[in-house]
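You will see chain A twice below: alongside chain B first, and alongside chain C after that.
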Partner chain A sequence: MDEKTRDDLLQLFRSKFNRAMRFYLESCTRCGTCTDACHVYASTGQTKYIAAYRHELIRRLYKRYFKARGHLWPSLGEARELTDATIEELYEAAYSCTGCRRCMVYCPFGIDTQMLMSIAKLLLIGKGAEPEILTLLADTSIEKGKSMELFKEGFLTGIKRLEAEVVKQWQTEAGEAAIPVDVEGADLLYVALAGAHSIIPAAAVFNAAGEKWTLSFFEAVNFGAFVGDPSKTKLILDRIVNEAKRLKVKEVCVCECGTAYRVMKYLSGSQPFKVTSITEAHARYLKEGRIRLDKTKFPGPITYHDPCQIARNAGVIDEARYIIGHLTDDFREMTTDARYNWCCGGGGGLVALGDETLDFRMKSSRVKVDQVKATGATILSTACENCHTQLSNLNDHYKMEVDVQFLSSMVARALVPA
Partner chain B sequence: MQTVYYIILVPMVYLAFGVFIVGIIARIAKIWREPPNPTPLLIHPVKKPGWLWTLTDTFLFPTVRRHKPVLWVFLMAFHICLLLLLIGHLELLADFALFQVIPHEIFLGNGFVGLILAICLLYFLFRRFVSPVKDLSVPEDYYLLILLFLVVIFGSEMDWARSWYEYGEMTVEDYRSYLLSLLVFKPELPYSTTFSGHSFMLILHVFFANLFLMFFPFSQLMHAILSLPMNKLRRG
Partner chain C sequence: MADAITVTKVFDLKGLACPMPVVKVSKGIKEVQVGEVIEAHTTDPGALTDFPAWANTSGNKIVKTDQDGDVIKFYIERVV
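Showing the complex of A and B:
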């Protein structure tokens, strides 16, 4: 690695500094309490997957380049030079971490490994060593935001096809658009994912609840956040924020996508609208009596996988239980304490990388499989696209013989017609 | 030799405290000048009141108790004894009515505070020779534990000699006049501190303690100060 590249990378490193990051870089005592926290370590037993080991890689660079000790006595803290070999190690650490923050629950100081891994991800981008596909997907999202007019026509045609589907299954009242788009003055802007499964059931529930809603032109997923590029994350987010402001909505409701929800909730800043997840919206409709569900629709015990970015990292926990309480009398918890739920093993962009990471995802998530099996449930529900894909892959690979379902789809299917 | 003793017991102590205090202030100032994190870093569900849970996490290490109970016992014993040790050293400066709520002789603990500390430090050190903690450790983790062990062992030896073997050549009054003279910047070394049979213990104790203080602001020992704000971020 030449001098110029290294300087540029260190500049990127420095750009990640803030008060919390400095805390985390200064104070790990390597006590080893976090050993059992990571699902990858728990499933594989390899030391390099222990949270403290992962972030010590970052800390060694920090000690070398940002502390006087790195010049005076580098071996003291095993300070490391930034080389091509280091970059490879960073890749291994960052793209085997799903950013679930379970280790943060274990750490006596509460060190945030996901945040420290964001330094690794940014250095990888700087070196051009990040997974290209994620950058490509992020760029596509940004491009779509810039030239919306080009995509509009095709989008609307697609929506018309889905509307027919909604009408067929749920018989929306005549004269109303089953999937309203671009409605100024609507109460709620729903941000979905590309794919009928994220739009059709949601539409059915919004319509049944009599919500004044409108569908966003953009898909919720934020590939900028997966690849760890702060400026792209912001650009992708801003498309939706601007749309919400233009349509003057009171609420932006994010579909079942953990990353999208957390980014939207915490990075959109102070806005005239509130941010909710679709799980929160559904729980609210049930509470207000705006929708009713048929408990006989799903026989057999149901368990629920808390998506890390929605539950542990954004606080939507009780709402899901409330909904499931209307779907079954036989709900099985995976853990007594939501903070300790195992990650599905698909977050942090791993599922988005597809088959490339499949083998690793299966090996690293054995503990999740054990946790699901222990519940004895036949239906495994969740509220996140990534989790759903990963859990379905696990279901096939480990022959768990459960039915993996989106919670929102279950709500739609159990709707009692008014 | 007396010159070396003098350097360790007087100028080096001033230097060590100077580096310790200025170092900590400089490091904290540097960290606090950084902008806050743009997003909350909470772990949910958030329990109320947040400040109380922050204090619990900071001072009682509940997560360690849950996941590494043996380590927790040693950690609690160690940190409680550190606190007692701090009080013990303050009492070498002057009498504090507050600390005498439970009447005790100076130095408090009758030698057992140092003994417990030494045992805890050996435990911390030895567990770092075993995987997986071995694989996480870096040299400074060992150096710091060894350094602290040396500080504790020489300090305790003086205490043990007086408490358990009625050694009377170096008394609490001697320590007090030495420490007070340092405090008022008129350093004086009582004859017994440099010429008695246990002088070497005092000198080594002070020497290693000086090194420890000087290293403090630049090492993971800053967790002593940063643990509270970090736990605040997690608990809200």
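Showing the complex of A and C:
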């Protein structure tokens, strides 16, 4: 690696410094509490997947280039040179970590591995060594935001096709659009994913609950966050924030996409609207008596996988259980405390990388499979697109023989007509 | 007209949800030469916006879009 490249990368490293990051870089005592916390280590037994090992890759660069001892005596201690070989190791560390933060809840200092891996991801971007497809997907999202008028017709054509499906399955009030779009003054802006499965059931529930809602032009998922590019993350986020402000909505409700929800909730700053997940909205409708569910629709025991970004990292835990309580009398918990639930193994952009990560995702998530099987449930519900894809892959690979379902789709299917 | 387009490779992406259609097409376009056309079949309604935005970003060109029931067919020329 030439000197200029190294200097540029170190500038990027420096840009991540804040009080929290300094604390994470300075605090690890290598107590080992995090060892068994990582699902990848627990499933594979490989030392390189222990959270503290991942931290050390970053921390040794920090010691070499940002601490006096590393500057003065670089060959002593644990300082490490930034080289092309280091970049390869950073790739392996960053893209084998799903950012689930399970290790963080075990760490006595609360060291945030995902934050430390965000340094690795930024260095990879600076070196042009990040997964190219994630950058392309982020750029595609940004492009849609820049030229909304260009893509509006295609979007509306797609929605028209879906509306017929909503009306066929769940009757709406006469004269009302089954999927309202671009409605200024609506109470709630629903930010979905592009697929029909993310829009049709949600539309049915919003309509049944009498919600004054409108569908966002933009997809919820934030590929900028997956690839670890702060500026792209913000550009993708701003498309939705600006749309919400333009339509003067009171609430932005994010579909079953863990990263989208966490990014919108914690990175959008102070806004004139509240941010909710669709799980929270559905629980609210049930509490307020705006919808009712038929408990006979899903016979057999149901378990629930807590998406890390929605549950552990954003606190939406009880709401899912409240909903499931209206769907079954036979709910089987995976763990005694949802904050410690195992990650599915598909987050952090791994699922979006598709087939190239499939083998790793299967091997690194064996503990999740064991957890699901131990419940004896026949239905495995969840509230995140990535989790759903990964759990479906695990179901096929390990023959778990469960029916993997989106929780919101189950709510829609169990709706009792008013 | 579709029959006037010479298609080098066809990609069946039916049933795949976002972002996989874009991921597959992005990789698939590299399997043909510059100037050649691929045909992608998808049932993802989001592709109607995702594919044009991807084409703008990647520098490739959608030469035609057809809809046949639930299936959307894109004809994409590799430009870069």
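As a convention for this text, the second predicted complex is superposed on the first by the 412 of 418 C-alpha atoms of A that agree within 3 Å, B and C clash if a C-alpha of one lies under 4 Å from a C-alpha of the other, contacts with A are read in each partner's own complex, and residues count from 1 in each chain.
We take it that contacts are C-beta pairs under 8 Å (C-beta built on N, C-alpha and C of every residue); 3 or more make two chains touch, one makes a residue touch a chain.
From a predicted model like this one, the values you see are computed outputs, not experimental measurements.
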item: Which of chain B and chain C A:Arg312 touches, first, second, both or neither; value: first
item: Which superposed partner A:His197 touches (first chain B, second chain C, both, neither); value: second
item: Touching partner for A:Ser147 - first (chain B), second (chain C), both, neither; value: second
item: Contacts of A:Leu137 with chain B and chain C, given as first, second, both or neither; value: second
item: Per-residue contact with chain A, leading partner among chain C and chain B; value: B
item: Overlap of chain C and chain B interfaces on chain A (superposed complexes); value: none
item: List of chain B residues in touch with chain A within their complex; value: 27, 30-32, 34-46, 57, 61, 63-64, 67-68, 71, 127, 131-133, 135-141, 143, 218, 220, 222-223, 226-227, 229-231, 233-235
item: List of chain A residues in touch with chain B within their complex; value: 17-24, 26-33, 35-36, 47, 50, 52-53, 56, 60, 67-69, 75-78, 101, 104-112, 115, 266-267, 311-315, 317-318, 338-339
item: Chain C-touching residues of chain A, taken from the complex the two chains share; value: 133, 136-137, 139-144, 147, 150-151, 154-155, 157-159, 161-162, 193-197, 219, 221, 223, 352-354, 385, 389
item: List of chain C residues in touch with chain A within their complex; value: 17-20, 22-24, 26-27, 44-50, 52-54, 56-58, 70
